[in-house]
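Every chain is named by a letter (A, B, C and D) in the order it is written, and numbering of its residues begins at 1.
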Amino acid sequence: MELTHEQAKRWLLNFHQKVTDNKAYLSELDQAIGDGDHGSNMARGTEAVKDKLGSVTEDSLEAVLKQAAMALISKVGGASGPLYGSAFMAMAKTAKETSELSTLIEAGLDGIKHRGKADVGDKTMIDMWQPVTSALHEDDLTEVTIDQALEDVKPLKAKKGRASYVGERSMGALDPGAVSSGYLFTALIEEVLA
Amino acid sequence: MELTHEQAKRWLLNFHQKVTDNKAYLSELDQAIGDGDHGSNMARGTEAVKDKLGSVTEDSLEAVLKQAAMALISKVGGASGPLYGSAFMAMAKTAKETSELSTLIEAGLDGIKHRGKADVGDKTMIDMWQPVTSALHEDDLTEVTIDQALEDVKPLKAKKGRASYVGERSMGALDPGAVSSGYLFTALIEEVLA
Amino acid sequence: MKKIINEPHAVVDELLEGMLLAHSDFLTGITDTRVVIEKEKRATVGLVSGGGSGHEPAHAGFVGDGMLRAAVLGEMFTSPTPDQIFEAIKASDTGHGVLLIVKNYTGDVMNFDMAKEMAEMEDIAVESVLVDDDIAVEDSTYTAGKRGVAGTVLVHKILGHYAREGKTLTELKELGERLTAHIDTLGVALTGATVPEVGKPGFTLAENEMEYGVGIHGEPGYRRSELKQSRAIANELVTKLMETKTDTKKIGLLVNGLGATPLQELYVFYRDVVHELKNYDVEIVFQKIGDFMTSIDMAGLSLTVIDLDSDTYQAALTSPVDVLNW
Amino acid sequence: MKKIINEPHAVVDELLEGMLLAHSDFLTGITDTRVVIEKEKRATVGLVSGGGSGHEPAHAGFVGDGMLRAAVLGEMFTSPTPDQIFEAIKASDTGHGVLLIVKNYTGDVMNFDMAKEMAEMEDIAVESVLVDDDIAVEDSTYTAGKRGVAGTVLVHKILGHYAREGKTLTELKELGERLTAHIDTLGVALTGATVPEVGKPGFTLAENEMEYGVGIHGEPGYRRSELKQSRAIANELVTKLMETKTDTKKIGLLVNGLGATPLQELYVFYRDVVHELKNYDVEIVFQKIGDFMTSIDMAGLSLTVIDLDSDTYQAALTSPVDVLNW
């Protein structure tokens, strides 16, 4: 399935809405195993994405994704900024060649892996992006995929990022980055796949 | 009445005992209108007086009073150190000429006034030394004099020392220096006048 | 939360404004980005450091002749963004390249990396040195690795000295990599730190409790314990820090307050550290006591030990600098 | 009480020991008395200051070339004794006499006076300058007069400069007396200070309360209020401090942390002070921001304004010194 630039815009605006609505919850999750700023970081970032989208005049998927990437890179900071930023930058680059959704998301996943040097099972946002990518390849992305990913991330012990410092204590907790990425993909389902 | 060097020693040891027993109380009084250290200051000082007295070999009133002065000057610090120190230094100087008790105490009072530039009614130890001196001149120093002096010091508003910073709030409170000086004179009554 | 601030979200901008207002004789900012930079630049490699705010005087207090060329200020306890760092790099380059000094935190590492990539696309030579001195964290594949804490300031000082001496970017990178292996730090906290926008401490300790090994953003340490006396804390920190320094003969010490610790406590603790070190066959040839890398208003301190068997480090540590807080 | 110390009664001796262990390159102590003194003495008038401990870095952090020759440490918040001060005077005299810089507290004044008398008996020329910069206290016959607080550090610096320049004892005393009239300070506290041996704060403020005009030993201020924003505090302090400076055209500022105040707050506050001063026809030609005269672990700060219409003061404030904490 192909992603259009209009869809991408709606997707990102929906993402912004979800992050804004759940800002406190995301920070709370981060407070438990990190430093409690994931909600503020992502709210600041998606707000900037929303602002930038207004000024995208080109009718191009690449332009939309690139502006989102730039907004995230320049406004978030912390760990999630460069990770989300690299994901969208990788998607923007890929959009030069194709607008096939699963290929784009996979490029995003690779961007995250490349930037953060983490892998599946490290209890990061990758544990959301990976199952979502697989599901997209099989044309089967639904809320179930996302819920299952969140269930699966809980028991893991964090090995990357700030949560790795709490070690054992991270087991049983949700990963804030996986949750915010879950919002991203729920927004995708609602705006693009529904 | 004449003060002997043995009496002076007993007097000072008794004073040390009273201060030690009431260390916490003196600090408490100071906490209310000053900085809460009068008990520690005087305990440290009279302890040093006690130590020094052991090493006074000369049978001379001047020597006893001078050693007490030196101990107080070198161990107390704060406001009460130089004041008590000056009082005993003035008494020691006077003891070269006379050992008449009321003359000695008056010299001490003058030493305090000279050092601290305060006067009767400023709510300081002077408000104990002054009535005690008058009573001694009339050969009439008793516990009543001391109790009355403490009663009289209460309503005063402090105009000198740290207590002057609390202004109105000092009214109704006892002055810690007047109370410790009260111990000095109760000790005098017990050891010399009784 | 008791703080002398205005709106909590404005603290970073306002402290930056205060700094620039106060020190415009030799420091300036870059418009629209939170960067503090020297006004006069020598024709040498420029050292750029930074990180989340809340560690004052780090890093802006170390900008000036002989230390950093520029400092990049992130949000409170949050790594700065690549574009901020990129601006600092551009403004710091005099054609001799720029060396980034980065504390080992996932966010810092990635944001500085991205900035480096941006700079390379504009043909600016950039290298980076990663500081990971906090031995409270095990350096294993199961963690993000040892954190970068107060020892970073010694890296600023030593590499700043060499940069001023005219060393090349490649030389500085190599020197830096060797240097960081010689620096170890351990911290203790008596209270948590309060990020203004959060409004409550990141963690709480009971009235008679302390925590060993806490990171400079309040990352969990390795043990909570009842509040110990200074000499017991000195014993524990020195023992752990000297474990790997069995062959070391000369060391330097940095006793660093975490923001709300009175200087008197730092000196009492320094005394105990010196006494503790009598059990080792080492000579203390350098020491620094004060607030260098704080954690907002945390009560506590950290102790850094640097191996100074190399005489050159010692000379580099003691050369004069023209910065605010060294 | 959460402090990194050993036995509470030993804090002063141990912090002193720590200081002397750390800075033996240029500082030394006098055996059996708590005095910190320069190792190398110029043949000039020696400046001696001191007071109760708990104000670190004051005063020992200002001993060195260009500022103080010696600092005398009393018990915590308690004036040192005359014999301690006398030892400092003897050791500081190089035949050019000694100038005492005394903060206006009854205890300090009397103990320094007695020391002066002792020194005079040994034919050492001694003069003293009394600093009373705290305008929170009314200067009337009904009080012990204005207290000496953070502005004292500016007196150390300016007179230290002149002493190094070779001014005589008489000249320095005159200069000092004129100078102190140009320095005003006001402090605010968010918390009380805890003397280690007492174990609890000298006063307590509610979670949302502050106090204007507190002294550096927690002496009561002139008003309690709900916790205000930095700009409101700046407005109140600047208004009061500038009241008497209607003809002043050039000023210097000292923003002083009281011991537990993060540097970030001092900079936010400095920013607000500068904005506030735009309402006055004055130019800020000097500023200093940090911890100079603390009150153990009190949270809060003080603002000092010095009238710098005389160009010589300004030069004296900015000349280089070789001390720990200027």
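Quick note on the criterion: contacts are C-beta pairs under 8 Å (C-beta built on N, C-alpha and C of every residue); 3 or more make two chains touch, one makes a residue touch a chain.
The model shown is predicted, which means the values in this text are computed figures rather than measured ones.
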Distance from the mean Cα position of chain B to that of chain A, given in whole angstrom: 77
Chain centre separation in whole Å, for chain D relative to chain A (CA means): 55
Distance between chain centroids, defined by C-alpha means - chain B, chain D (Å): 31
For chain C paired with chain D, centre-to-centre distance based on mean C-alpha positions, whole Å: 29
For chain B, residues that touch 2 or more chains besides their own: none
Contact graph of the chains (line, ring, star, complete, other): line
Chains touching one another, given as label pairs in label order: A-C, B-D, C-D
In the complex with chain C, residue positions of chain A that touch it: 31, 35-37, 40-41, 73-83, 85-86, 115-116, 157, 159-162, 164-167, 169
Partner chain D, residues of chain C touching it in the complex: 2-7, 11, 14-19, 21-22, 53-54, 56-57, 61, 188, 190-191, 207, 210, 227, 229-231, 233, 259-272, 274, 287, 289-291, 294, 296-297, 299-301, 325
Complex contacts: residues of chain C adjacent to chain A: 52, 74-75, 77-84, 105-107, 110-111, 113-114, 137, 141-144, 147, 195, 197-198, 202, 215, 217-220
